[in-house]
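All chains are identified by letter, namely A, B and C, in their written order; residue positions are counted from 1 within each chain.
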Amino acid sequence: MVFAMPLIRSQSSVVMTTEQKLLQIKDLRTHFFTENGVVRAVDGVSFDIPVGKTLGVLGESGCGKSVTGFAILQLINAPGRIVGGEILFERENNGRKEVVDLLKYGARSEDIRRIRGNEIAMIFQEPMTSLDPLFTIGDQLAEAVLVHQKISKRSAMDRAAELLDKVRLPQARDLLTKYPHQLSGGMRQRVMIAMALTGHPRLLIADEPTTALDVTTEAQILDLMRSLQEEFGMAILFITHDLGVIAEMAESVVVMYMGKIVEKTDIQTLFQAPKHPYTRALLESIPKVGHKQEGPLHTIEGMVPSPFDIPRGCSFHPRCSQFMAGVCDGAVPAETFLDEAHSVRCYLYSQQAEGAPHGK
Amino acid sequence: MATLPNVSNQPTAQAARKKEDVQLVSVRRLMWLRFKRNRLALYSGVFLVLMYLAAIFAGFIAPNDPTKVNGQFVSVAPQGLHFFDTEGDFHLIPFAYGLESSVDPATFRRMVEIVPEEKYPLQFFIRGPQYTILGLIKTDIHLFGVEEPGQLFLFGTDSQGRDIFSRVWYGAQVSLSVGLFGVFLTLLFGSIIGIASGYIGGIFDDIVQRVIELLMSFPQLPLWLALAALVPDNWPSDRIYFAITIVLAILSWGALARQTRSMVYALREADFVTAARYSNCSSWRIIIRHLLPNTMSHIIVIATTSIPGMILGETALSFLGLGIRSPLISWGLLLTDAQHVRVLIQQPWILTPAIFVIATIIAFNFLGDGLRDAADPFAK
Amino acid sequence: MTRYIVRRLLQFIPSLIMIAFVGFVIMELPPGDYVSNYVRGQSLSGNRDAATQEAVMREQFGLDKPFLLRFADWTFNLIRGDFGISLSTGTSVRDIILSKLGATVAVSLTVFVLSWGLGIALGVYSATHQYSKADNILTTISFLGLGLPDFLIALAFLVLAWRLNGEVLTGLQSAEYIGKPVSVGLILDFLKHLWIPVSAVVITGMAWVMRVMRGNLLNELGKNYVTALRAKGVPEQTIIWKHAFRNALHPLIGALSQTLAFLINGFVITSIVLDLPTIQVTYMTATQGQDLYLAGTILTLIGFLVLLGTLVSDFLLAWLDPRIRFS
């Protein structure tokens, strides 16, 4: 994946103040209890999503980023289970703001059902299989509307047409009577976005929404998402493995590896001054336009370890170029704040282990 | 932009690589591993292997000659082995009571009673009626039995006084093999035609599909009945045996051919087939080296799951008197007497072979299920 | 649309003729025919004179004409609604079939409704309560049902019923109720007989439907669109019944094609064993006795129902699945 130095979203770092936090994830742990052992897919993840801004979650396959997204709406299926943590969400009830812990709601509860598709919406990676093949687009959009609002079927259909317009799909009325298999992948993803908008969500969770699309369509979808964000003032949690996409969409980024967050910062710092060896290796491995490539492309040594056999201490240590024996393979490093908006989890920047008493 | 030092030969990375124990596992081994996990299928497999072994060694296991007619012991209820005798004494080695057959002078009905004083202890590796194993080895040693003139009728006797227990094991030979032969024929015919039809396509495919459609729209059982009724009464029983297997296979090859054809049809468009075609592989080579291995596991699964149908078919036909004839024995034939409800009610032990049929079919079902799961080791 | 239906129906005709033809051929294959069987049977029971009547009988039944001519005759008569006569009783084939139709359909319909109704309901329950105790029990039952041949279960039930109340419950009615007007007693007696074949066949039939339904529904519930529906906030029950269930029905609809034919061609052996007054039994005896026109007509009827069933199932499938409709 070659790209020019990315046009970074915002030139200023985002200052997170308490009033602006829409969602606060604290120490989220989601484990999968399989017959071969326990997979700690998300193991102590904490970050905040500010109101109306885009937070990117970056990581390789299997790092737990998607599971984090699913956990917010309690969409984790057996054998997975959320085993710990809090997800504080600022709900708006007739102008009144109220902070609730989403994890207190059961996965099948009315409470979480009312939030899904309403205040928090989600779009997924595979637009080709995300729609029921037996119902028309209109029916499925209307369903999204009618689940949360008691209006007539006709009004729901009108709203559906409006939404299709919003996502820039031509001939909305015609589209309402079509079936999913008659639409292309890009069109289906737009329909998914339209469905996500029905409840005027304050947060949109996007789990690799453009991974399955070609680059041209991808660019259009990303563009659409940006303008919708401006129009609706919604926050976006953008989960992806693609550095180029993150550069285009996110204002701040969280980098995940093997279930933990290794670095948290704003987008500019991420590309210009990454601190964690993993982040740096990621950026190093991308070929750059304009730079003459000497020798083979850089890769990150080794392979992602088996989820049943996570390395001790810092889980990246077997692949780290700056591994310190005796330190990195001991205890898990604590999250260290380099400044207000930038944190790393690495012994290069602090001696503190996770859970150890302060001041060492 | 900060750069990292050259990382290629750092000790940690190499150590990490050494620690990883990457094994290349063949697809076949993957299938076996997956199959093993399915306990039910595994036990069923073991059970079936034991059954087939028992069938091969039927003569060894059966204490009596299955065709020996005992006029005086007609329709006797199961005579088991006893540990306790009529006086309540315990015997370490179980025994069978002697039987006395007499005719009731008033009703002229034959009655069989036990003679408590005569006890025939169970013996192992006893000499009995001669038999052959697989037509090769002649011997007369039986696994167990009692000495003459004691009689051991563990499952009772039928209307002609023949020992049902022994007949069940001999019947296994026919019932279990008919399924295998029938399926073998089906496999041979069905898969070749199916693969050819799917690969060659065109008019050949169309014709074959029409024929199969016609065959399958034909009501199955009536066709079986009609075909079985066709087999002349006066043929020797082993020729009848083969005729029956052919009858059973005639109806099932269509389904297999259809499934194989659709698999091949899908594979035809697969990239690796196109690649093979461009590499100048002959059609024949493509079929044998590429299409066949890919469809083989599915074909085997389909075949295994049709065995119960065949066994049931043979049982049904023989049960109705249209299948295996004497002196050959099959479980279906053994159940013929059960057709007459009055008889069945008086002598329910006649239904015992049914348990074997049922157990075998269920075992094959579990096995087929396990195979089907294992055949696609990459499925979720 | 009507043109399509008409076209499909017209396509039946060559297939039907082919089926009837094959049926007749198969029946003609064994040496001799109805008359020679009859004569043989008669001479075995001591009536030697029958042999002299042979030629006359043949001519009477039209069995002396060449095969193709007979077949052509019968086919033409078929179109006019005349199905020929049964050689053994002399009654018209149509009358025989009509007289048995009531009982046959009664039993078959009951079996069908129960098998599919129970099968679907239990299958859905099984899938939505995966690995629960109930699910494990149901799965075991379905394995048993799949393995056990229905006629053996029927026999076992028969013996059981006899053990319980000393009555031999073959057939559909006890002797005292045959031909009598409908009364409560008659209906109760009918039900008493009916439960044996029905429960035996339903156990095996339901097992299959339940397993397929369970498998399909589990499959659907694991698909992406279900997760997307949950993320929309759609209630779980709606997801199961409005969405996943409809998708899961798909493969079962294909199996429905066999159902129409099943009405007169199902559970043949059980019918024979329990001596039920159904068409299945009539067909068996006709085939074995080479009662040409009776057997041939029933065979063609079965074939017709198979083809019709395929048509109906194709339509249902297209109605259910828009992807097929538009291809």
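One rule holds for everything that comes next: a contact is a pair of C-beta atoms (placed from the backbone, for glycine too) under 8 Å apart; a residue touches a chain by one contact, two chains touch by 3 or more.
Note that the structure is predicted; figures quoted are calculated from it, not measured.
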- Which chain's C-alpha centroid is most distant from that of subunit C? A
- By count of C-beta pairs in contact, the leading pair of chains: B-C
- Cα centroid separation, subunit A vs subunit B, in Å, comes to 55
- When the C-alpha atoms of subunit B and subunit C are each averaged to a single point, how far apart are the two points in Å? 27
- Interfacial residue positions of subunit B with respect to subunit C in the complex: 213-214, 217-219, 221-223, 225-227, 229-230, 232, 308, 312, 315-316, 319-320, 335, 338-339, 341-342, 344-345, 348, 351, 354, 357-358, 361-362, 365-366, 380
- Note on the structure: In the complex, subunit C touches subunit A at residues 223-225, 227-236, 243, 246-247, 320-323, 326
- Given the complex, residues on subunit A that touch subunit C span 73, 75, 108, 113-118, 121-122, 124, 126, 129-136, 143-144, 147-148, 179, 181-182, 192, 195, 199
- Residues of subunit C touching subunit B in their complex? 15, 18-19, 22-23, 26-27, 29-31, 143-144, 146-149, 151-152, 155-156, 158-159, 162, 168, 170, 222, 261, 265, 268-269, 272-273, 275, 283-284, 287-288, 299, 302-303, 306-307, 310
